[in-house]
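Note sheet for the following structure.
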Amino acid sequence: AQELLQKISEKCFKKCITKPGTTLDSSEQRCVAMCMDRYMDSWNLVSRTFSNRLQ
Amino acid sequence: AQELLQKISEKCFKKCITKPGTTLDSSEQRCVAMCMDRYMDSWNLVSRTFSNRLQ
Amino acid sequence: AQELLQKISEKCFKKCITKPGTTLDSSEQRCVAMCMDRYMDSWNLVSRTFSNRLQ
Amino acid sequence: SQKAQLQQQIHKLNDVCWDLCVDKPREKMDGRTETCLCNCVDRFVDTSLLVAGRFQNLINKHQ
Amino acid sequence: SQKAQLQQQIHKLNDVCWDLCVDKPREKMDGRTETCLCNCVDRFVDTSLLVAGRFQNLINKHQ
Amino acid sequence: SQKAQLQQQIHKLNDVCWDLCVDKPREKMDGRTETCLCNCVDRFVDTSLLVAGRFQNLINKHQ
């Protein structure tokens, strides 16, 4: 899971924090949380689709 | 050759499939084939040029 | 330091050489030198800021 | 190991397909994004098979 | 080793923050770029902690 | 091994120079693209040498 967490942090930082300020404001926090949930949805969907092709 | 094939797949997928559909249509297939040939030409040229500099 | 040198070469090549010619002209050389100095400044600042957060 | 290699491929696929299909993250995964992700994986596999097949042909010709 | 892993993380951070904060390299590092780099590192760490915390919550819920 | 490291450098170079020089893949490699690829490799090597040289100078100064 270590690599997944690193990927999420990097992808979601790039999507949500375009002008880093002195704190992570609430809209950035919400964006990161949503982005993380979607990234894991995507990961699950991609894994399933890929596994189906391997069979 | 494993790494070369992975690089080609990734680079040519990005160049040729911008809106993935339900099949790889014939124009996408042609684009991938052409892209692969050019990537290998490029690889050969780059290797040769780099080797010349090392001597 | 090997990896730092590789990163600098790649980042500064991309920033400074947009149309590679038959030589590295003097303005490209100046750009690469400046870019290298700034990349090392950045590296030092990032290391320091990150270390502060780890404590 | 083979499991680690498979995980690696899924990381790569998710990386490429996320960049291609997801613009702004939303409250829920919508149908269009899901379709794009599935098609992206399938077409990526098609592309890899096409590339591997052409490569095999090249090797056979040169033997 | 742990030192190598730390170095790796600094390479990654510098990579991301350089792309975000530095446009054209200049004669000197100006104050705005310095502030951007420091904030970038701190917000990246915040993001990683937020992500790790949510992940831990998910695991706890499923146990 | 040294051969593997060399291969790795060629992968990296081809990656960078392909992105810089090849827009849409065509039927044949045209002369302009070939020139761009060769110059790209040579200027990348020049850049690496310049960077390594400046770094060596820095180390010498600090000793």
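Order of writing sets the labels: A, B, C, D, E and F. Residues in every chain begin at 1.
We adopt the following convention: a residue touches a chain if its C-beta (ideal position, glycine included) is under 8 Å from a C-beta of that chain, and two chains touch if they have at least 3 such contacts.
In this text, all values refer to a predicted model and were calculated from it rather than measured experimentally.
Asker: Looking at the contacts, which chains touch chain B and chain D alike?
Answerer: Both-contact set = empty.
Asker: Chains shared as neighbours by chain A and chain B?
Answerer: D
Asker: What is the chain whose Cα centroid lies farthest from the Cα centroid of chain F?
Answerer: So the chain farthest away from chain F turns out to be A.
Asker: Could you pull out the chain whose C-alpha mean position is farthest off from that of chain B?
Answerer: Looking at centroid distances, E is the chain farthest away.
Asker: Provide the C-alpha centroid distance between chain A and chain C, rounded to the nearest whole angstrom.
Answerer: Here chain A and chain C have centroids separated by 28 Å.
Asker: How many angstrom between the C-alpha centroids of chain F and chain A?
Answerer: Their C-alpha centroids are separated by 32 Å.
Asker: For chain C and chain F, what's the span in angstrom between their mean Cα positions?
Answerer: Taking the mean C-alpha position of each chain, the two centres sit 15 Å apart.
Asker: Residues touching two or more other chains, restricted to chain F: which are they?
Answerer: If we look for residues of chain F contacting two or more partner chains, we find 42.
Asker: Identify all positions of chain A at which a residue touches two or more other chains, and write them in rising order.
Answerer: 12, 16
Asker: Just walk me round the ring: chain C, then chain F, then whatever comes after, in order.
Answerer: Read from chain C toward chain F, the cyclic arrangement is C, F, B, D, A, E.
Asker: Going by the contact rule set out above, which residues of chain C touch chain E in the complex?
Answerer: Going by the criterion above, the answer is residues 3-4, 7, 11-12, 15-16, 31, 34-35, 37-39, 41-43, 45-47, 49-50, 53.
Asker: Okay, in this complex, where on chain D does chain A touch?
Answerer: By the definition above, chain D touches chain A via 7, 9-11, 13-15, 17-18, 21-22, 24-27, 29, 34, 37-38, 41-42, 45.
Asker: For a test of understanding, state which residues of chain C touch chain F in their complex under the given definition.
Answerer: 1, 5, 8-10, 12-14, 16-18, 20-24, 28-29, 32-33, 36
Asker: Spell out the part of chain E that touches chain A in their complex, as residue ranges.
Answerer: 12, 16, 20, 36, 39-40, 42-44, 46-48, 50-52, 54-55
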